[in-house]
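The structure is given below, and queries will be raised subsequently.
Order of writing sets the labels: A, B and C. Residues in every chain begin at 1.
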C-alpha cells in the first residue's frame, strides 16, 4: 500500500495553534497569560499589602508610591487590582466547574439515552433557563449565605442548563455517527462508549461554551460583589472595587477606571478566545 | 422494448460536433494553488449522440462538466482551451450570452435532485421559470408548458403535481422534475452529472429509459458523467475516460469495452464483477488517484500501471489507434502493447 | 465445513414509529421487516439484496443485535440470543461482527488506527494496553495494510484504507460470523474490487460465515453462495446464487436483475428489459395481497387478495409468488389462512 499522502489541515489536530495564528486572539491569549501570571505572582509583585490602610492617603492620586492611586481607606489600588486578579481567575473557574459537573454527565446521558431521561431533564433545563439569571442567583445566595464561593456556586447552577443543552445537542448528533454503532457492535459498554468515543468528539463545542461562560461568570461575580453578595471586605474583587468607587464617585470619580478597564479587558479576552475557537472548530467540521 | 442501435466506429470529426472541448486546462488558485487540475482535455459531443465521461472520483470529470456549464467553483480558473458549443466559445462569450445558452440550448441534470431543486418553489414554477426566461412566455402559457413537460417525463397526474413541492415527491420523481426543467429550454445538449447515482436501480432503469426516449424524440445529445460502466454500456455511444485530469482514452463504446487501448480503461473494466466469474478475485489497481497538485509527470497513471516503462515518464501524446479511437498510452501507440481486455 | 447453521433467524419482525402524538404515544408505524427467516452456514456467504425500503439494513441490525426484534428469534450456534443481555450479549459480540457501509463515519476521528483495530481485544479483556500496538500491527498486516499506520488518524487514510481498517477491527475477535452492510458502496470502482477480493480471501482462510447486505446485485452475485431477495420488508425469493441470479422466478427479482446494466454494450443492448413503472409503495401502507403487485408486470386479480407465502419450489429455492405455487399448489383459502396466521 502506498503511504497516505493527504495532508490534514493544522486546525484539525491543533486547534489552539490555529486560534493563536489570528492576531486578535494572540493578543487575547497573551493578556490571559499575563492575568494568570499576575494572579499567581500577586504577593511578589504587588508593591503594597492590599489591605494595609493609610488613612492619610485617602483618594491619593497617581504617584510613584501608588502607581494607580489609593482608595477611600488609603489602600494601594494597584496591589488590590493584582490580588483581585486571583478572584477574576478562580471565581469563573468555580462557576464553570459547577456548571460542567452538573451539565456534562446529564447532557451526555440525556443525549445518549433519549426517552424519559431526556424528556425530564430537558424540561428541567428549560425551566431553569426561563428564570431570570441574576434574580435566581440572588435567591440561591440567600439560601447559602453571602460569600464568594457560595455566589459562584449559585452562578454555576444557573449556568448548568446551558452546558446541559450544548452537551446534549452535540451528543445527539455524535450518537448518530456510525462509529458509535460500531462501538456497540464490538461490545463497548454504554459508559465506555460515552467517555471514550462520544466525549472526545463533543469536546470542541463544549470548550467553546466553557470559554464564553468564563466571561459571563466573571461579569456575574462582579455584579454580585458590586452589591456586596460576593467577596466580603476587606478582600478585593474588581466588582467590589467598582462598587466602592461608585459609592465614592463624588470624592474620586476616576476610581472606577482601573477596575473597570481590568474587567472589560478580561471579559473581552474570554469572548475573543471563545469566538476564535468556535470559528476554527466550525471550519474543522466543514472541512 | 427495443434497444438503442449500437454505435459504430465512425470518427466524429470536430466539424460536425455540437460541443467540442479543446485543450481545456483548469488550475486551482485558492488555498494552496494546484496547477493542472484538469489538463489539455479534448473531446467532442456530436449532434444527437450520447457521450460518457468516466473515471474514478478526483479524476476531473465533474469539473469538466461544470466548466461546460460555466459553473466552476470560484477557486478554479480556466487557464487555456476552448469549449465551443454550436459555434460559440462558452469560455469567452459574455455572461449574457452564457445565461442565454445555459438552461436554454444546454440543459443540466445533477446527481442530487433534492439539493438541486429549490425547496421553496413548486415544481411547476421551477419548470415554468425556464420557459419564461428563455421564451419570454407569460405565466399561463409557461404553466401549460410545464404541465406538458411533467407529462412528458412520465409524472402521473401532472396538472395536480404542478403545485407540489420537491420534498413531497420521491427521489425518482424529483429526478424526473429535474429532467423536465432541463428540457424546458428546448436544449440540444443535456449535461447530466451522475443523474442516477443516488437512485435505486429499478428507478435508475426508468430514468435511463426516459432519457433514451427523450434523445430519440427530441434529437438530444447527452454528456453523461458517471462511474457506472453498466450505465455507459447501456446508454452511451462514445466514451471519454479521464484519469487524474487527463483524458487517457476516447473511443466508440464498443471499442472502449472490447479493445480498450489504455491500461487504465482495461483495469476499470477488469474491476467489474462478472456473472461468469463469481467468487474469483477481481482485477485491482494498486494505489490510488494522486491528490491534485501531486500528479506525476508524463503519463499520470504510470505509478499504478502494470506496464510501466521508462518512456512513460515522458509526456504522452494523444494518438489515434482506430476509427475515432484515441489513446494517451505511448506504449500502445508505439505498438508495444496490444489493445484489449488483457491490457 | 459443516452444514449446521451458525446463524439462524426466524420470523424476524421489526417496526419503527413514524409519528407520535403530543403525549408521546406512537400513532403511526412502519413495519420495516415482516417475518423474515435466514440461515447461514459456516464458510458460506448469504447475500441479501434489495432496494431502499426493503428492510435489508434493518435485518442486518437485528441479527447482529444492534436493534431488538419485535418478534422472532435469532440463534447463533444453536443458542437463542434474541434476548441476550450483559455477559451473554458480550459473548455474542465476540462471535458476530459488523462491517459498516460508510468507512468515513465508522471510525472514531479522535482515535488512532491502532486503537480502532485493537479496541475489540481491549474491551473483551484479551490484551492489555501495552500489547495494543503490536496486536494492531498484526491485524493491519492481515488486511494488507502497512503496520506503520497504527499511529495515524482515520482522516489521513483513503476510503479503501479505512474500510480495510474496519475489516481488521471486525476480525480482531475472530468472529464466526461477519455481517457486512454495503461494505463497498461508498468506495470507488478500483477500491471496491480490492475490498471484495479481501473478503473472499479472508473467508477462504478463516471460514467465516458472511451475511452480505447490498443494493448492488452484481456485488451480491459475486460474493454469495445463496441469495435472499427482499421487497418491502419481506423475502420474495431465496436460493442458490447462480439460480436466483441466473433464472429468477419472482417477477421482482427478474425486474431487479434486468435493471442492473451489464458492463458490456453488446450484451446489455441485446437483453430483455423489464422497466417497472411507478414508485415503490409507502412501506407504512403496503398494498393488500402481494406487496409487489402494484409494480408487477404480470400481476393477476388474485394478487390483490392473496398475500403469497414464501414456499419451497424445489432445487433448494423458495419463492413468494402466486405464479410459482411450489410442488403442492397453495389453495387460495389455504394461503389466506397462512396470511391470517402471521
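Note that in this section a residue touches a chain if its C-beta (ideal position, glycine included) is under 8 Å from a C-beta of that chain, and two chains touch if they have at least 3 such contacts.
Note that the coordinates shown come from a computational prediction; the quantities given were computed from them, not determined experimentally.
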At the largest C-alpha centroid distance from chain A we find chain B
For the pairs B-C and A-C, output the one whose chains share more C-beta pairs in contact. B-C
Centre-most chain [mean C-alpha coordinates]: C
Between chain A and chain B, centroid-to-centroid distance (C-alpha), Å: 55
How many Å are there between the centre of chain B and the centre of chain C, using C-alpha atoms for each centre? 33
If you average the Cα atoms of chain A and of chain C to get two centres, how far apart are those centres in Å? 50
Residues of chain C engaged with two or more neighbouring chains: 158
Which positions in chain A are in touch with at least two other chains? 1, 6
Which chain B residues reach two or more other chains? 288
State the interface residues of chain C toward chain A in the complex, per the touch definition above. 24, 64, 66, 89-90, 93-94, 97-98, 100-102, 105-111, 119-120, 123-124, 144-146, 148-149, 152-153, 155-158, 161, 166, 169, 172-173
Of all residues in chain B, which touch chain C in the complex? 1, 3-4, 6, 56-57, 154, 156, 170, 172-173, 200-206, 208-209, 227-235, 253-254, 257, 267-275, 277-279, 281-285, 288-289
Listed in rising order, chain A residues that touch chain C in their complex are 1, 3-4, 6, 8, 12-13, 119, 177-179, 181-188, 192, 197, 200-201
Chain C residues touching chain B in their complex are 51-52, 158, 160, 188-194, 196-197, 200-201, 215-219, 221-223, 241-242, 245-246, 255-256, 258-273, 275-280
